[in-house]
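Some structures are shown below for you to check.
You will see chain A twice below: alongside chain B first, and alongside chain C after that.
For the complex of A and B:
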């Protein structure tokens, strides 16, 4: 076992602006049928105050990545290797991947420094406890306050997230609130202790479109006020375009392309990213044609393709290369990296344009 | 809440009325009556005139609704449940002590079941598919599979053979007919553990399975992850959220514990020679002792209805999702 509290040596320390730095994270599920490599080498890095969006199809390991950071991966999942370097409030950097998932240290991080909101506000609140009891629980766990102070703070949190009549709603049960209000309550719980990082795992997927927009605005406003970082998981590229500073595109447990939001949307290189972008329905599309869809489906977790995991579905697939060589991570520019053999030839040259078009 | 309870109690009245009618009719359904079964069992011939006199005296020739009216009005106005033909005693003299003992045994058994089954069920769910879970599961299924009366015989043998304890019954011989005193209560307590364990075994085994299944459902819910993501420790988390929710179905099961223990454990009670209502009901049904049987069935029904009421009130209290309106 690794020590539970790993101090990083200076060489590994990234600049002060980096809050979270995930390096080659692998989280595997050891089932009776075999090992499911849900996350198999993810790299991502998030600066203070910024928003990082993780996108990808269902089953690409987005949620498991998020849960790995908080160390709440459900059994039989385990982090098998990699680093999750997190800059604590006191300035000390720690590796979350090395911590005991049931230990006191990670529990101080959870809710205190890193909070998480989930996809379904319907089921992420206890059905038999009041909203207030759950907010106050978070406050009392992490802040040295009395019950009255915690209650006051809970009311002001509900007010902050735009829940009307907050002191009354504090004693409401989750089933008495609408979906949007429940997600607001979840956000209030998550932000009650002013975390440095908010992980939002598809927080708007289960909500209707108007409510989605409200919740996104709320998260953005709160982020601007508090200066926290947001790790936002979604499969909605529209949302990404709206809120992201940085984007990581995941496929089969890997980051296939990552970069700032402009590089990803205007200069996407990876065939998967480009295919995703092509699959967005457009209201201004003049031709009356079918919506583009990526051929095939995400492979079965036990039937992981050799070489580049995307090659069976790739339009630019190079025979004998893509199906045998595992593409390394390759920097296209300071803020744009990719895992694709089209771009990372041995000569490191820029891609052959013929291959792309 | 008080209004809810009051309303539920008002609803009880028509329910009880219907139940009492059904109980009375059901008792009358088998052909013949107590006198007929008495005559058929009698060694010598019974004088017809004597039979007719008895029939007249107990009103057995009157129409059923008249008999019912006499019976029920007696219960309501005077607490008179009629007379037991077989015992030649007032029914109320026969049943109250037994009913009291039955309720005591039932409550103790219920407490025993919960105290044993809930922690084991929680352990079994949290440690699912471990050796401990399998051991508990196997023991649980054995407990479910062994009939209570068989377990009673085995335990009685062991207690008698190896511990020399007088087993069977709820009292030592010298206290059976004695008046209530501290010594008699202590004697009762020293005898209670065996029937409580025996009567509770099957229920415990079943409840372990129920608790395990309920809790497994809850453990995978998102609100558990959400609470964990707030930094709550595993143990506090477990008891504050999933266990709390998983207990709800158990509370609703309180309703059928009473009738099961009062009437369902008749055979075990006979084997153990317990002075509870089970064996009494059994014998009264055999003998067609109609007022005794009818009164017992009525009381069992009342207990069931009270059990339902108690469990509904408990549920409304612990589960805010239940609407009181």
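For the complex of A and C:
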């Protein structure tokens, strides 16, 4: 199988290695009951060929962030402010946040330069079209090829994602495939036009561990082959440890901590990140049979706490500071930044470093 | 919580529940006359026992029959054949598999279930008082203000505020709903709880809260759990013993310690190696076993050992002869011809640096 990678090689020559740079993105939902600030100031940046994992609990705005990038936020959601800078193949940088979500420009990006795969393959694939016609649709929309060439390419895509007997499976419907195969078919559709960026929204959550391991391997192999970047959204920290280069931890629509995967897992600073890591059942925690759990629950979206959004649940909460001052982003090192008043003020308030080890 | 070894040594403790050769088949019907053209053998000759105060986990991929087994035990389904021997307090064991609804009633109070999805398992049109209190009312255990008091104390026990008694499920988050489901299961002072993927739909931090709650309740009330799950790190955390199922059969059953450090069935080894380890330093380290192909079709299983088409160690014998479940050591069952010869890797061998 030989997909054409020439175009990618050209674009890789540009000096700037940053493919996607999201700055202070705010996406709010204007409902009848009030404004839900689903994403309220998210920063992330993704380099070419790298994998960025966005982690957080349900309702923290990770999916909305992904959808904001592709401009497929469902109504009544709107991007209120912020920038989504994306390097196109031709080297030109554009701000996706400023585009008309129904316009011609963004439609060229969707599926062509940025593709997305979803959690539940059964509900995101069309049950009335064959797998083949769904792949060909994407190809014909974005590439100047004939139907026959598109079909050939579709077969080679199915082969690439490891679907057995690809030319036969091209005429299969989504309900005829198993969960793992459906997810492979969806990856084939997403990759048909060799996107520069693949957004994967919990692509393995609905799968069994064995199938999940296969799909993660597949995404990694394809990434190595094509050099695309992957924005991976998940709540499973095990998956993050397996595939991420960089990690962004989100809480209530904010990036509370971001850094390379080693810093996040072994040198986590934010109390929320630490709490998350401590609440996973681990093999080496068998002496201590009780799991750490964060007190309280994620607040209701209308009742956003003042100051640091995590302060009502935080063990290291400083009265009169955390509940009134909105923590700014603070760089701990070149690749590690955090939003927490324990760190941005002075070093004296550092919590115990040995908590995790 | 009871120490694992304590439970292991407690062979003298009589099993609370013993399942013997349980079969559950579902007919496949086709055509205008709904003719039966075959059977899906969802549960195929499953035997195990659970001791009082113990947590036994059933693990396996989707479609392996773990939920069906759980549902047979709470008698949502009537098993095709086999025995489900339940030992009620100060009584001889009774076979639940054959009882009709009327005679089952006293046992329905003692064996309760917690469901996976906290959103669809609570009726949105009933208040918490009605949801949790329903079984108390139906069984004429309590009524009126007594009922309210009991529901309030149940809510307190599972960590919810008793003032919430008149609220409806939509006002609660996923974790809180799961607590309501647990309160409902506890209402009639059960002895055995079948928890079907009770924490799978929850976020890690909420999952930790619910796992802690389940362990506390076990300690306080001497509950016995049949814990059905697919997440192996959760299973490792909560269970005393683990049974691994594949296409309707138990392929391995052992204490948690044994199963995770020294698996004897190739399928167990593959499952353990597929679990993502929450430590980036372990990436690309250790051995990964990637299973080829798909889970076998339970209506048309392969010859010999069901796992044979995907097994990296399969030999000719596996293709012809179906391995029986053997007790290799006390309390350790495995269904593999080569269980003694294979040197399979456990969780630790897969992630050496896990222990710092």
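Assume the second predicted complex is superposed on the first by the 328 of 357 C-alpha atoms of A that agree within 3 Å, B and C clash if a C-alpha of one lies under 4 Å from a C-alpha of the other, contacts with A are read in each partner's own complex, and residues count from 1 in each chain.
Convention: a residue touches a chain if its C-beta (ideal position, glycine included) is under 8 Å from a C-beta of that chain, and two chains touch if they have at least 3 such contacts.
Bear in mind that the values here come from a model prediction, so they are computed numbers and not experimental data.
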Clash or fit (per the criteria above) of chain B with chain C on chain A: fit
Partner chain(s) touched by A:324 [first = chain B, second = chain C, both, neither]: neither
First, second, both or neither for A:294, with chain B first and chain C second: second
Which superposed partner A:107 touches (first chain B, second chain C, both, neither): first
Touching partner for A:335 - first (chain B), second (chain C), both, neither: neither
Chain B versus chain C as contact partner of A:31, first or second or both or neither: neither
Partner chain in contact with A:120 - chain B first, chain C second, else both or neither: first
Touch count on chain A, higher of chain B and chain C: C
Partner chain in contact with A:277 - chain B first, chain C second, else both or neither: second
Minimal inter-chain CA distance - chain C and chain B, angstrom: 6
Parts of chain A lying in touch with chain C, wherever the complex brings them together: 57-58, 178-181, 208-214, 216-217, 235-242, 244, 261-262, 265-266, 275-277, 279-286, 289-294, 297-298, 357
Chain A partner contacts - residues on chain B that touch it in the complex: 220-223, 225-234, 240-241, 244-245, 248, 318-321
Touch list for chain A against partner chain B, complex: 67, 70, 72, 74, 102, 107-112, 115-116, 118-120, 123-130, 134, 137-138, 141-142, 173, 175, 186, 189
Footprint of chain A on chain C - complex, ascending: 1, 61-62, 173-176, 203-209, 211-212, 215, 230-234, 236-238, 260, 270-271, 273-283, 288, 290-291, 294-295, 347-348, 351, 354-356
